[in-house]
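Multiple structures follow.
What follows is chain A paired twice: with chain B in the first complex and chain C in the second.
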Partner chain A sequence: MNADIEIQGLNVSFVNRCCVTPVVTDVNILFPEGSITGLIGESGSGKSVLGMSILRLLPATARVEGRCMYKGRDLFSLPEAEMQKVLGKEIALIPQNPTESLNPVRTIGRQLTECVTIHEKRRKADAQKRRDQLLRCLGFHRPEQVSNSYSFELSGGMNQRIVTALGLMNHPRWVIADEPTKGLDAVLRRQVYQVLKEIGGSEAGGMMVITHDILLAEALCDRLLVLYKGCVMEQGKGETILRHPAHPYTRGLLESLPENGMHPIPRADEKKTDSGCRFYPRCPHGSKACGQMLPPETVLEDGRIVRCFLYA
Partner chain B sequence: MTVLMQYMLKKTALLLPVLVGISIAAFALGAMSPGDPVDQVLNPNGNESYTREEYDRMAARMGLDKPAAVQYGKWLAGMFRGDMGRSFFTNKSVKGQLARRIPISARLAALSMAFTAVLGVGAGVVAAVYKDRFPDHILGALSMTALSVPGFWTAILFIWLFAEKWKLLPTSGIASWTGYLLPALTLALPGAGVCARLTRSAILDELGRQYVTVAGSKGFSRFQTVVRHVSCNALIPVVTYLGTHLAGILGGASVVETIFAVPGIGSYAIAAVQSKDYYVVQAYVLFSGTVYVAANIAVDLFYIAVNPRIRRGEAGR
Partner chain C sequence: MLEVEGISKTFVKGIIRRETVAAVKDISFCLPDGKTLGIVGNSGCGKSTVARILTSLVSPDSGSIRLDGEDLLWGGRKIFRARTRKLQMIFQHPESSLDPAKTVGYSLEEPMKIHRMFDEKGRKERLARLLELVDLNQRLLDSFPHQISGGEAQRVMIARALSLEPRILILDEPTSMLDVSVQAQVVNLLKSLQKSLGLSYVFISHDISVVGWLCHKIAVMQDGCFVETGETRKVLSSPRHKFTRELLESCRLSQDGCTGGSYPANQRG
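Coming up: the complex of A and B.
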């Protein structure tokens, strides 16, 4: 069966006593089976929230609307017991903040093997083999020793690689990797990249990679998705987007990179509101319409989807 | 395990001076408090007269004619020989009495502890699961009541309800095991209230942590997450509390034992304090002090055992 993930009309907001804060707005994406999609965008743009909403792991204060189709079923309306069979086995997570993501009183080894044994108790030996194999690939020369440690005994970079192993343990069809190379030096970054690339290639897994590392995104991903304040501004082939960015925000984001001369995006114009296009207050091309309504998603000739009135 | 060994040695080495301190304090307290045991023995009803000579003879027989330091020394020497002295009044050996009464108090403490743990942890888990909903509110009110109502009041209420009104349980004595139920429950309630609140907040704290979300991403159900991941972390403060609580009630529950006429060490001590039966009071203080210190060491050991941060040598630093 086709294992695409398709998000339709996703809106996420956080509700508290005083107000409702929207953090993801009208997101429609197709993640084709076996593809690697990069999610880029500045801090706070809603990348993690988007990823966690697919897994239904947002806190209880989050209100999620829309559908997430996978293998003919809507993950958002699946009974809890069914969802648990999907989690970790069909779709797994490589979480952000590795050190907080690990239980401080449980050994690393057990936290890794339980990814498999929670689904199938009998596969303990398999799980241990897989664990040692993954740890070796991720640059740990003595897997047994790491397995017997606790998260507080390892460095941040080591824990980062542990959570990468965590997501890959059970050969999932899909991996959502939230900044898998954060805090790693060049050598280790390359190693993690290699592992993700191999998994992506050989085990036919699809992947969503959330990252600030545009170079990683370029090298690893087939497709890119640019988020700004909860809206997908532009999505399409990675190469095309990085060579010829269509959306003014994408252009600004790329020009602000050190390798492109570090030209920052201008500050927000306080007279303009972001109730229409989220980027309107900072956009050099803004027209009147931009302040009034969210631009529709437009499909360009090269297959890209852009949310901007310049192309509508 | 070397950290454990070091820790044990350190603690046991500390135990001895603590015990000596406790015994001196107990002795001084007895010597300083008003009232005279010799007078109590000679004139238990307050209407008999005796001569000065009779008084001196009795004081000498009781060993109370010597200076306090000598009395203490003799008593301490006796303790090392395993001789705890005799009661001034009944002339029964203190050791024999303790040997008979400690098992009774221990049984009461164990049963009460079971009530505290089951009611407290159970209520805490339910309250955490139903946070801010009806069961949570009810249990919150109940645990607040349980921990703030004094034991003697609960005791009276229970006696009235279970013994007089419904005639289900005996009012006093331990002729059968059912006699332990009311005192144990009375003793357990305040601790159960504290324990419920502690458990609830510990679980809620842990549930907000990111490793819980990550466990969910592996396919753990809520229940499995609580059992495998949250419980170890959340139980640490709860068990620490239960340990010190047990230490407290093992030392004898004087008020409850007296109300329910349970012949344990608590009621023994109360009677002895009233009649200034020095040796009994001292033996009791020494016993409950030792138990208290030992239970605290046990709690620390547990803490080391479940907390890898300490086990892995941070305690040594």
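Coming up: the complex of A and C.
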């Protein structure tokens, strides 16, 4: 069966007693089966919220509108029991904050095998074999020793790789990796990259990589989504976007890399509001129309979709 | 000029079965005024221990640290306090370095109170000047750490370190938790402060591209030793040591020459 994930008209806002804060606005994306899509953008751009909304893991204060189609069903309206079968088995998450995501009173090994024995009713020995293999790939030379330890005994980088293994234990069709290389040094980052790249190329149906490591996204992903304040500013093939960025925000992001001379994006102009285009207060090309309405999504000749009046 | 000679530190863990870990082994370097030394290496190689020794948070087993000929490790408490003021440290996690229950203004003022610098009015004036220096809004003084962003928090940390008029800043992965655009802002700020105030930096990082951009000299660290030191440009363009080459290669994320184990083939049902 076709295992694309398609998001239609997604709006997410957080509601509290006094106000409604929109976090993700009008997102329409197709994640084709077998593709690796990178979600890039600054912190607070809504990358993680977009990923979590697919898994329905947002807190109760979040209001989610729209549809998320997967295998002919809308994930947002699926009953809780059905959703439990999808979560962790068909669509798995590699969470951010690894140390907080692991149970401190259970050994690493038990947490890793647990998801296999629950979902697949497989024998424990099989699960342990799979666990040791995965851990070895992720750079642990003695998997037995790691399996017997607790999360607080390991460093942040080790825990990061443990949750990566946790997400991959069940051979999921889709993996949503939230900052999988945060806090890792160059050698470990490359190891995690290689594992993700091999899964993306072989067994998993597809992957979403939420990251602000642009070099990782470039090497790993076929498609890229550039988010800013909850809007998808640019989407398309990774290579095209990074070689010839169309949106002023993407350009600014790339120019702030050390390789390109570290020119930061200008600060927001306090006189301008972001009620129209979200990037208007910081944009060097802003025109009058930008302050008034959200630019429509425009399809360029090379197939990518840009949300900017420069191309509308 | 900061001169560090032959510092070593060994940690002992365990009570019954004693194990020793040599975190730093016989490290020497000197750092002229207004220059930056970058220390790169993998996690667990002892980079942070070097930073802690420099700021006297950990005392070394042997070796000496001198700033302009004055010994920083020995001496009475008062002299010690006055001397260590000249070396300030900036940590990796800016949010957790600020007291969550105190306003940013209070946290900024506290070091000056401890060191008895200026009177009440003078301190307030200095706070305003410091915020200007790091390009922050004066309104921030009354906000709490959870209300400001990571980039702002890191600037507050820089302002706090600068409040004591240090000569040298020790930066322990100051940008690893920040976005690329905020990282660019902070690194550019550090560069311009170095020019205007004549500061020296010891910049600890595992991001070689940032180190290459900011540092005059670079030291590559492995298992507690400096395996290669030299001008940044020379080390990055023609690395001599095997480990330096490995480090540079892994930054590129290329698939050639991978050494790690390969991922197991599909074993589904």
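As a convention for this text, the second predicted complex is superposed on the first by the 309 of 312 C-alpha atoms of A that agree within 3 Å, B and C clash if a C-alpha of one lies under 4 Å from a C-alpha of the other, contacts with A are read in each partner's own complex, and residues count from 1 in each chain.
By definition in this document, contacts are C-beta pairs under 8 Å (C-beta built on N, C-alpha and C of every residue); 3 or more make two chains touch, one makes a residue touch a chain.
All figures in this text were calculated on a predicted structure; none of them were measured in a lab.
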* To do: Using the superposition on chain A described above, determine whether A:Gly183 touches chain B (first), chain C (second), both, or neither.
  => second
Applying the document's definition of touch, where does A:Arg130 land relative to chain B and chain C: first, second, both, or neither? second
Report task. Examine A:Lys229 and indicate which partner it touches, taking first as chain B and second as chain C; both and neither are also allowed. Result -> neither
Partner chain in contact with A:Met262 - chain B first, chain C second, else both or neither: second
Per residue count on chain A, the busier partner among chain B and chain C is C
A:Glu100 in the overlay: touching chain B, chain C, both, or neither? Say first, second, both or neither. first
On the A-aligned overlay, A:Arg307 touches which partner chain: chain B = first, chain C = second, or both, or neither?
neither
- Query: So, does A:Ile118 touch the first partner chain B, the second partner chain C, both, or neither?
  - Reply: first
Chain A residues where the chain B and chain C footprints coincide none
Residue positions on chain A within touch of chain C in the complex are 42-44, 130, 133-134, 136-137, 139, 155, 157, 171, 183-191, 193-195, 197-199, 202-203, 212, 214-216, 219, 252-253, 256-259, 262-265
Chain B partner, complex, touching residues on chain A are 52, 55, 57, 80-81, 84-89, 92-93, 95, 97, 100-106, 114-115, 118-119, 150, 152-153, 163, 166
Residue positions on chain C within touch of chain A in the complex are 41-44, 149-150, 176-177, 179-185, 187-188, 206-210, 212-213, 246-247, 250-251, 253-255, 258, 260-268
The chain B residues in contact with chain A across the complex are 209-211, 213-221, 224, 228-229, 232-233, 306-309, 312
